[in-house]
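Chain nomenclature is as follows: A, B, C and D, assigned in order of appearance, with residue numbering initiated at 1 for each chain independently.
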Amino acid sequence: MLKIAILGAGRIGQVHAANVARHRDAQLALVADPLIDNARALAAHYGGTAVNNPLDAINHPDIDAVVICSPTDTHVELMLAAASAGKAVLCEKPVDLDIGKALEAERALGQHARRVMLGFNRRFDPGFNEIHRRIRNGDIGDLHQVIITSRDPGLAPMNYLKHSGGIFRDMVIHDFDLARWILGEEPVEVFATGSRLFEPALEALGDYDTVMVQLRTASGKQCQINCSRRAAYGYDQRLEVFGAGGMMLNDNQRETTVRHFGAQTTEARGPLLNFFMQRYSEAYQLEMESFISAIGNDGAVPITVHDGCQALKLADAAQRSADTLTVVNVN
Amino acid sequence: MLKIAILGAGRIGQVHAANVARHRDAQLALVADPLIDNARALAAHYGGTAVNNPLDAINHPDIDAVVICSPTDTHVELMLAAASAGKAVLCEKPVDLDIGKALEAERALGQHARRVMLGFNRRFDPGFNEIHRRIRNGDIGDLHQVIITSRDPGLAPMNYLKHSGGIFRDMVIHDFDLARWILGEEPVEVFATGSRLFEPALEALGDYDTVMVQLRTASGKQCQINCSRRAAYGYDQRLEVFGAGGMMLNDNQRETTVRHFGAQTTEARGPLLNFFMQRYSEAYQLEMESFISAIGNDGAVPITVHDGCQALKLADAAQRSADTLTVVNVN
Amino acid sequence: MLKIAILGAGRIGQVHAANVARHRDAQLALVADPLIDNARALAAHYGGTAVNNPLDAINHPDIDAVVICSPTDTHVELMLAAASAGKAVLCEKPVDLDIGKALEAERALGQHARRVMLGFNRRFDPGFNEIHRRIRNGDIGDLHQVIITSRDPGLAPMNYLKHSGGIFRDMVIHDFDLARWILGEEPVEVFATGSRLFEPALEALGDYDTVMVQLRTASGKQCQINCSRRAAYGYDQRLEVFGAGGMMLNDNQRETTVRHFGAQTTEARGPLLNFFMQRYSEAYQLEMESFISAIGNDGAVPITVHDGCQALKLADAAQRSADTLTVVNVN
Amino acid sequence: MLKIAILGAGRIGQVHAANVARHRDAQLALVADPLIDNARALAAHYGGTAVNNPLDAINHPDIDAVVICSPTDTHVELMLAAASAGKAVLCEKPVDLDIGKALEAERALGQHARRVMLGFNRRFDPGFNEIHRRIRNGDIGDLHQVIITSRDPGLAPMNYLKHSGGIFRDMVIHDFDLARWILGEEPVEVFATGSRLFEPALEALGDYDTVMVQLRTASGKQCQINCSRRAAYGYDQRLEVFGAGGMMLNDNQRETTVRHFGAQTTEARGPLLNFFMQRYSEAYQLEMESFISAIGNDGAVPITVHDGCQALKLADAAQRSADTLTVVNVN
């Protein structure tokens, strides 16, 4: 029975706590949060003890693994501390908003890197996962083009946006990771277009509300990403892969499969699942299962800090491309 | 070049006239209608001469074939006259509203029957036709169940309904023909349920606005038909076939394939094609091509007066079943 | 914290045990099964103690409620014993295969009936539930027709079928309950067609592999059910409701929303969820939540033994109708 | 009755001839083709006289309008000759493969330009047209992003490709026109990625088989185009428009709406309409109706040589961008 500590009792910490609690081979042993009441509430619900200092959790001798759900600027420090203490780590993305600091973390982890997993949850979405598997299975032949649609249901509060690192590092970074994983190759060329089409206040932040990105790999595979901070119809998360032998599409999800036919419209379905934790609830569960399975077998985790750094490089390149209206090469 | 006369310049006569006119091997030579102005308008548009007496058309030496689009109670007389005169015939359904008269017509036609085609247009709908072909091709193995949805977009005027013969003989007769053709066997057992759910005035006519029918063939194949005189969302014409190896569905049609995603509903499409002549325009064209091809090759027509009589027998049985709340056997 | 005992540690008992265990307000306290190893395995996994005699569970002073998952012929006895002992009950369908015994149980329960829930799980399926709610909300106006598709992915073993009570009492009974619930009225007229289209061995049992049923309520609402013991493409569970103002459809479910486009076919999706426990896993969870909520509030359960008896009457009527080729009235 | 001459009796000339012939207010009066047998065959079928010199058609006093379907390098010359002779013109795209020559033609047309229509047929596709109309109607609020999928079913012969002007000028030019028309603004920034993923022989031509293009307008609207010379599943022509209030999608078309459910796949539909003349047959018909209506009313045509020049500028910019790996500004 793997003993796991959750560091950070916020909303994503709650998701991970529930998934640890329901797992047969794991148990929620500690919850750490400076807001000790939050830690206590989570522990009361899913088991374990509450502490306010994450280092107490990291250094507790019973703990086998920690899940880092604390603010982004603590990720590197906690990750390194946990790895040094011999713990396996599942860390929420991003590694850090600063690529220098992220690369430094990657180097510092050294041989521990194989037991430090980065939480790019979308790779575990059953639909995206099926597409990844079927591409490798040859179901569409050689891959030529990838198209990712990534639109949030609503703009986050300005206070959040100020510290988010911008749309590319905060939001599109998920799509950069998805692109790398689906393409099976590193993009070498990035071109991004950024616009402020509905939130002019983003100008003061040097940020955008609507972006498009075009990527090319060394072998010539192509990828387009379209992204908006606000889709009126819900959380739009689609993937299209096109190859020499065919195409696959992954659609959005809704509460039910009910369709309505009325005098004005037919085939009308309900709104898309609106909240990322609902849309990706199965992905988060499978992510935790993957982490526990990797750690339990003392094997390597499937997504590493290196993956986090590569996605961040693409985000940095996209930001620069959009800001300077030029193509940016990445290596 | 086949010379064809249209008997009856009403709306269905106009459809057939246009399809004759566009055919490479046929030519509209005569239009007959007691309302001579209607005949003239149609002839002016698609070619040919106008006459007011259909027998003048039937007996004209240049005419190879006639298309009977006149009122139902003239069908038998004109069909027999044309057949006697050596003309090929395409006659709108039904043969007659009276099964005795229809069967008498079938007998009277004798050897001419092979050149008298009954216009059950739905057999030529590309979707229904593909399903028929693929069943025969084994795409779903042995056929077990057929489900037909047949809902009109709106109730016809009471004046029309009074002389329609009732919902089974007027409307469901199309579905009975479709059922026989798809099943590939004669139904031997009919059970029908009739309700007046929105038009109480139909009670005085002994008619229904909403019906369901269940059929069984001698070998045990099963069929359900659901039918309404008024579907708020348009003309609903679907077919489901279920067999030992799978299922096929034929959906409805719309003007375009555009889907709309908004704050309240997603995937919303436009209304169904609302009018039978638009929904089945391709079917009418292919029906005429089939008729001309059969006649041109001096071959047998694909749908005969016998088919019309069998469908009418099922309609009569359904009416009796609904009126008496009993199961009715047909042979 | 409600203390619950599971009576019967088979596959459906396992489903209920898991749903009890994950509920915040309930706890799995006892598992009873004559096969004591099965009871122990289940208790080890989800908590509680194992016993081999269900009466020990029913009479245990700590137990608030029992879930009856034992063989059908024990349902009435255990239900009455538990009710007499003051326990709330959730009993798997059917009440019994014999309508006389079921009606006797209903009478015997008396005032306990309001705390004895029958497990017609489909009412809790999110799609069916949404349709039920939206009909009541007026989204399609007055209800006219209901069409239920209910096809199993494969024939159960002959040994099971021998004691199943036949396709109407074993399988279509779910659809009869769904029909009653959706229609909001009792069907008064039943006509059923039964065929043996792929399993001739059912003749010896007087059973069928393929059936269609047509129902009518006193007010003239209509319902058709189509049913097969074996659908090559998976577990086909659909619902169509048609009313004066529109229509709603509930479609099937698949593992993912991935669609494949290849040289031969386009839009191809994966097979349907094949197993009822996967297809209805959310329904089972919501059913348990509904039961616990009702019991916890000392309120009436939403589905009663009376509902079980009414569905069984329809199943009996359908069996008689199919056997005798007649329409059967129900009251 | 408008008298129309077709210049060029190839496959696109045949499409236009049929659409002239079926129009009530127009008549096919002349067909010109140096391959006089082709001209004769077309005239025999749809009416009119055959000539071998297009200038004979242009200068014939009875002719009101000419449709230029001859090779690209004759477009400018014939267009100018016809305009000078006072004829209305419908010219197939492109104006010319050389932007200098195209701009010179635009200037030379002067006031005749309003009666010279360029044949960007896709604007008349009912689905694209509905989307254009509904954007203007406010159905998705302010437009933010446009995504165009444009994949041919198969690579044209190398001999054709050699003189095609390359994928951007030959194929994507349609999408550039669609983008301009849908966006309602001129793109000012072009970035294109070109790859040779399945036809290495294109390298010798400086051409690509797979391209992606990203566009931005002055106001910040964004557009992505993905394009391939060969889609295994057919002719893939989709459009997505995303705005502040919602999204619309236009899907592909198939022969029928039949869906197949089998043991391996469900919902499988047939291949896409494979040939552009079938996919866009309705668009070609509506294009001709639009031309005849404009000319008949002596009004301005809806698509001009200026539109042809703008699309060609974008194609040139995309070619340069892909060749040089840089962003190209257009004005």
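The definition used in the following text is that contacts are C-beta pairs under 8 Å (C-beta built on N, C-alpha and C of every residue); 3 or more make two chains touch, one makes a residue touch a chain.
Quantities reported herein were computed from a predicted structural model and do not represent experimental measurements.
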Exercise for the section: Find the chain most remote from subunit D, comparing centres computed as mean CA coordinates. Expected result: C
Problem - Chain pair among B-D, A-D or A-C whose interface repeats that of B-C, sharing over half of the contact pairs by residue number - result: A-D
Practice task
Starting from the mean Cα coordinates of subunit B and subunit D, work out the distance between those two points in Å.
Solution key: 40
Handout entry: Separation of subunit A from subunit B, taking each centre as the mean of its C-alpha atoms, in whole Å
Key = 58
Handout entry: Residue numbers of subunit D (touch at least two other chains)
Key = 232-233, 245-247, 252, 259-263
Handout entry: In the complex with subunit D, residue positions of subunit A that touch it
Key = 141-142, 144-145, 147, 151, 189, 191, 193, 195-198, 210-212, 214, 216, 220-224, 226, 228, 230-233, 236, 242, 244-247, 325-327
Fill in the blank from the handout: Per the touch rule, the subunit D residues reaching subunit B in their complex are 22, 126-127, 130-131, 134, 139-140, 245-253, 255-263
Practice task
State the interface residues of subunit C toward subunit D in the complex, per the touch definition above.
Solution key: 232-234, 252, 254, 259-272
